[in-house]
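Quick heads-up: structures coming right below.
Same chain, two partners: subunit A is paired with subunit B first, then with subunit C.
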Partner chain A sequence: MTRSTGSGRDAAPQRTSAPAAADGADRPLLVVDDLHVQFRTEAGTAYAVDGVSFTVAPGEVLGVVGESGSGKSVTSMSLFGLIDTPPGKITKGSVKLNGRELIGAKERVLRKVRGGEVGVVFQDPMTALDPVIKVGRQIGEAVRVHHKVSRAQAMQRAVELLQQVGVPQPEVRANQYPHEFSGGMRQRAMIAMAIANNPVLLIADEPTTALDVTIQAQVLDIIRKAQQETGAATLFITHDLGVIAELAERVMVMYGGRVMETGSVKEIFTRPRHPYTAGLLASLPSLTRDEAELTPIPGSPPNVLSQNPGCPFQPRCSVGRDRDICRAQRPPLAEVGPGHFSACHFPDETPQPRACVLEEAAVGAAAAPETGGAATDLKEHS
Partner chain B sequence: MSATPSLSKDATVAADVGATEDAPLLEAVDLVKHFPRRSGLLRKSTSVTRAVDGVSFTLHRGETLGLVGESGCGKSTTGKTLMGLTPATGGQVRLDGEEISGEAGLHKLRNNVQIVFQDPYASLSPRMTVRDIVAEPLRIQHRYRTKEDGMTGQQRVEAALQAVGLSMEQANRYAHEFSGGQRQRIGIARALVLQPRVIVLDEPVSALDVSIRAQVINQLENVQNERGLAYLFISHDLSVVRHTCDRIAVMYLGKIVEIGDKDEIFTAPAHPYTQALLSAIPSPEIEQLGQRERIVLRGDVPSPSNPPSGCRFRTRCWKAQEICATTEPLLEPAPGSAAAAVVAGVADEAVDPAAGHRVACHFPEAIDVLGGEPVRAYATAE
Partner chain C sequence: MGAYILRRLGSSVVVFFIITIIIFTMLRLAGDPVAMLVPPDQYNTGTAEFLAQKRHELGLDRAIPIQYLAWLGDVFRGDLGNSIKNGRPVSEIIGERVGPTVELIGLALILAILIALIFGTWAAVRKNRTADYVITFISMLAISTPGFFAGILAIYVFSVKLGWLPSAGMSTTGVHSTVDQLKHLVLPVTVLGLSLSAGLLRFVRGTMISELTADYIRTATAKGLSKRSTIVKHVLRNALVPILTYVMLQIPLMVAGAVLIEQIFAWPGMGSMIVDYAANSDYPVLIAVGMLTAIVVLAANFLADLLYTVLDPRVSLR
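Up next is the complex of A and B:
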């Protein structure tokens, strides 16, 4: 544990310096350093977030991608004191918003941050909205918590906000209850509430996952516009790599409570430097290419109840499955290219996306045993 | 809608005369499912939800037909009505050219057509062992105690489990001991054990994580190749459908708006709704799809209890004109398709106009949306 923490710390200064260098004198808006979150469960301690460090620059859209249990949602919830204690507990780490430490801050301070400087959009708007209060009043309340305005003024602001997020007939809609809204409209109301106080940071946790493709396109459009109009930095959490490609500039890939890889969307989606990212991309069916068989990641996601001393992806990894160093030593998040970081001992051996793999296979047989090995392993596992 | 069923009827006759091999295994002819909405003290039927409103298609041996659309389009209800899980309001289901009706028909149907449900958590009984879950269909059909292909019921259960890669040791465990991907395999084994010829797959991988999804898709393809099964693959995920299906039917508000071979649907979609869907799917293939036009449709899907007159898509369509509100477009050969050439009299009548690429639109136009061809939809003009 001591070693892994050390490596997390080593990685942090590198990471913080990277965006600062890219954006000139800009100070990062949000700095998360070595965050650890644990949950006490009947079955034991769950290490949900296990040493996560990242920064968000002002106005930037950072996509956080991971499968269920990767710790992506817990990370975002714990930033501003949204996890229940007990069972959850932030055991270590620091979260700084505009230089101000938030871990250990008083509830009174956190309440001012949430809904004020930080707006949150959740996946399920039906549970986030109060079913017995009219939508306009709920949005107005968000304004009144942070500003001294009259009820009428707050209502007027709510109507403006609904208009801003593209809700037709905002005056009528403000006087309706959440159940009278469709899924897409509810999500717009949530976005209106999140941007009500001109936040500097917007956290969107799977905001379009429950929506249909055409409605998702509408909501992504609204989030993009809201983000541009308010200039808020955005932390966009999703399991959908496609949505990230659509919206984010930079992406952070999480697995087993840790950051596996982070860098520009273009870099990561075309030249991944972590076998897990490569595996995710390879397992997705293509919209443009025919492929005889998909290349799944063998095995199943890690058990967060036991803390892995090495790389959490090692048991499923085509590169590290048989390597002692991957089993025993936690790889630090190290720079592998400009602004591109990978937590892998052997980033250069990352299998490349199928198009590249096929080309290489045609030249030499070097890449072939790797893909073949993964396929056989699936059968053994299943 | 009256012309379509008679067309496909003719097609069946023609196929029967021509070659028995080409005869469809399963046929839906003008399938209708309306759900009455009751209200008031006497539970009088006040309105009708037209979930499925005249859907016709054929399914051949070893073929996979994809049924895609957004929630509420009737794709799942089509699957359930086809299986007799909910009685049809109108239309026919034919197996081997024979209409399914009455108890005997249902018995025959269930022995030949099985279903795998979306939610692997809700669809398996928590009180039964895996072995019992998989044996249950055999017991219900009174086939457990008989020998088939020289195998006892128990042996057939074991063979089905083996076909999806589950071990005998796992057969004595309960469903809650398995992960989502493994549970879905149990669901597939349960569908396989009756040795059906058709399996209806209702969003079989939607509840699974990305890395597990590919494992289950490969498994489904292996089983299909080994047993020559036909699949009706119901999904909202177009990239999964592109990978798994031979033919695709796109549904909107209870009707098929476009049907054709996979390549026709993906490279020459002719219905504006299909084009909008293809333009809106978020994809990580940024190099291949970065240039495509994004169509953000206006508004929500109208209520199926009060669908728009004429073409049901017209309220969201950028091509809509007067005729679209008054006359319902029929499913007719798409422009550029072989069947359209036959209708126009410029080609041999060897091609069956009721089988090829067909579209239900007054102003169809094949546009390669994914290839970057511009659609010039209303959204881009704004």
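Up next is the complex of A and C:
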């Protein structure tokens, strides 16, 4: 890929961050510490994110899983000031990108981060693109915000990016409007926009949820490829455990605005140390076993309007449902193994999943691309 | 596209004819222009005969459909007829009045759009904050104030009390200067413009608020665009389609609003003329005015449809 536009400028921050990753993989790219986000609603204050801490190493793919309302999207959106304030408000916490504090940073600083160091792929490509502006120009705009290049140069870069994400006939496509694109193609355009300035961090907020199943696997492939080509660390938000098994190295499980468990994919899938994670794994359908029914987690997601003094999962938990300590005391996120943390008072009592769950989840996510015809397109363009 | 334009033009012509039939019939049924020629206190024995003869001369004793066809034939020959009151050609009467009205409405419309876009956007961005409340309050006040009252108030304050601006006409008799003409424009254009802007502002605010919550706005922010660029490059651009529709629908109401404003400021436009001739049921003049208004409205709607295709790529005309 030729980098004709503004390559000198956007290459610079990358060069400085790459050695840092090389000589000390322990120096994280992103450090989130004790993040609290509240929303004022008519029903009261919603504690959407309630003390979330995590780190992302350069180039690492961190999967964030959780049900709807677990705070996973709000967490990622509030890192760079993408939540609406009001009603949202970051009440506490720190977000450091490459050592630079972003909470309370000037809008001018945040604007440089957004689209420059951090690219975002949103959930619904149908509505995330401006309907009245040509796709190429929207992608070019992402370039022009951060680099002084002409409109023609930005357009040329947009065509390159569309090619990179496997959009056939990129010159033609760049001059079309979003409604002339299919859902999968629009999501590719979104990805092109997100990686336009070679970000160090890519946030993918349920990027495949709004797409057809056959398209999902293709888009995942594109994201993986884009991530590998740009070397960007990725925060991959999803409620699909299969996708996590396919794509991520580490997982963070969220529930009720808090982190329940975090660890490597292998650890989490094979030896979960939190009953909620175990419940999620147990509810996965199996392709290899003959099951009459799925196994749901009993109860419903927590009401984030009220702050429970104990563990948010306690009312639904098979381990802690009847224990006073779980009701009264919030379990801290404690290390239960190397790089494996769990916010549970009784991690050792976690029911263990069937042995083959990781393979099954991965198979589930990988099954689709073989059926999609356009997957061959993709290979031609890569 | 070409086929659409042709079809649309065809339907506009049909609508136009229906409008002329309705206007003609209603005006002919509504009053007797001949009776208005003789004041009631000058009636005498010969009057009835004189009026009957006059009606016959003008062809008003024929059936209305026949009268309509005769009138239509004249129109096709380029003859809009003569005023019954003073016998002057209708085209001449209207011709000398169109200019001032177009000037007044045009300038007022530009002012209204500017005010509505700027303050409507401001209120939308500051939704439920002080600026929004102040703008909303003032616009509600403007909506609830009748144009004639605002006009009289403006004259009282700026002409009578402060003496800053002239209260009537397009220029001071005997004075030929641009400054003088501009001064005469200020009050009528401002009053008409403000009264038009209030409703439009509310509409702009509502449209902008819904556009501001659209997902593509968050995408623009995530790309690193400033709020201002997002609003100018994305929100306004998207809001333009509904706003354009609204403006086009306002045009007939503007003509009605102009009638009042012209009366108050003695503006020598069509508005004050309409009142004069309507008092005499001088139907050739009134029908011509109705026709002209119908043409303007049809043309505005047609233009709006064509502009949609430019502003919104999802709209294609077939």
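In this text, the second predicted complex is superposed on the first by the 324 of 382 C-alpha atoms of A that agree within 3 Å, B and C clash if a C-alpha of one lies under 4 Å from a C-alpha of the other, contacts with A are read in each partner's own complex, and residues count from 1 in each chain.
Convention: a residue touches a chain if its C-beta (ideal position, glycine included) is under 8 Å from a C-beta of that chain, and two chains touch if they have at least 3 such contacts.
Everything numeric in this text was worked out from a predicted model, so none of it was measured.
Participant: Looking at the combined model built on subunit A, do subunit B and subunit C fit side by side or clash?
Facilitator: Aligned on subunit A, subunit B and subunit C fit with no clash.
Participant: Does subunit B (first) or subunit C (second) touch A:A154, or do both, or does neither?
Facilitator: Neither partner.
Participant: Between subunit B and subunit C, pick out the one touching the greater number of residues of subunit A.
Facilitator: Result: the larger residue contact count on subunit A belongs to B.
Participant: Scan A:V259 for contacts with subunit B and subunit C and give back first, second, both or neither.
Facilitator: neither
Participant: If you stack the two complexes on chain A, which partner ends up touching A:F122: first (subunit B), second (subunit C), both, or neither?
Facilitator: Only subunit C is touched by A:F122; subunit B is not.
Participant: Could you tell me if A:R114 is touching subunit B, subunit C, both of them or neither one (first, second, both, neither)?
Facilitator: second
Participant: After superposition on the shared chain, which partner residues are touched by A:I133: those of subunit B (first), subunit C (second), both, or neither?
Facilitator: After superposition on chain A, A:I133 lies in contact with subunit C alone.
Participant: With the two structures laid over each other on chain A, which partner does A:M193 touch: subunit B (first), subunit C (second), both, or neither?
Facilitator: second
Participant: If we overlay the two complexes on their shared chain A, which of subunit B and subunit C does A:E246 touch? Say first, second, both or neither.
Facilitator: The first partner, subunit B, only.
Participant: How far apart, in Å, are the nearest Cα atoms of subunit B and subunit C after the overlay?
Facilitator: The answer is 6 Å, the least C-alpha separation in the overlay.
Participant: Which subunit A residues come up in both lists, the one for subunit B and the one for subunit C?
Facilitator: Residues common to the subunit A contacts of subunit C and of subunit B do not exist here, since the sets are disjoint.
Participant: For a test of understanding, state which residues of subunit A touch subunit B in their complex under the given definition.
Facilitator: 67-68, 182, 184-185, 212-218, 220-221, 239-246, 265-266, 269-270, 279-281, 283-289, 291, 293-298, 300-301, 316, 378-379, 382
Participant: Using the touch rule from the top, collect the residues of subunit B that touch subunit A in their complex.
Facilitator: So the residues of subunit B in touch with subunit A come to 70-71, 164-166, 179, 181, 185, 209-215, 217-219, 221, 236, 238-240, 242-244, 266, 276-278, 280-289, 294-297, 300-301, 370.
Participant: Once bound in the complex, which stretches of subunit A touch subunit C?
Facilitator: Touch residues, subunit A against subunit C: 80, 82, 107, 111-116, 119-120, 122, 124, 127-133, 141-142, 145-146, 177, 179, 190, 193-194.
Participant: Quick check on the complex: what are the subunit C residues that touch subunit A?
Facilitator: 214-216, 218-226, 229, 233-234, 237-238, 311-314
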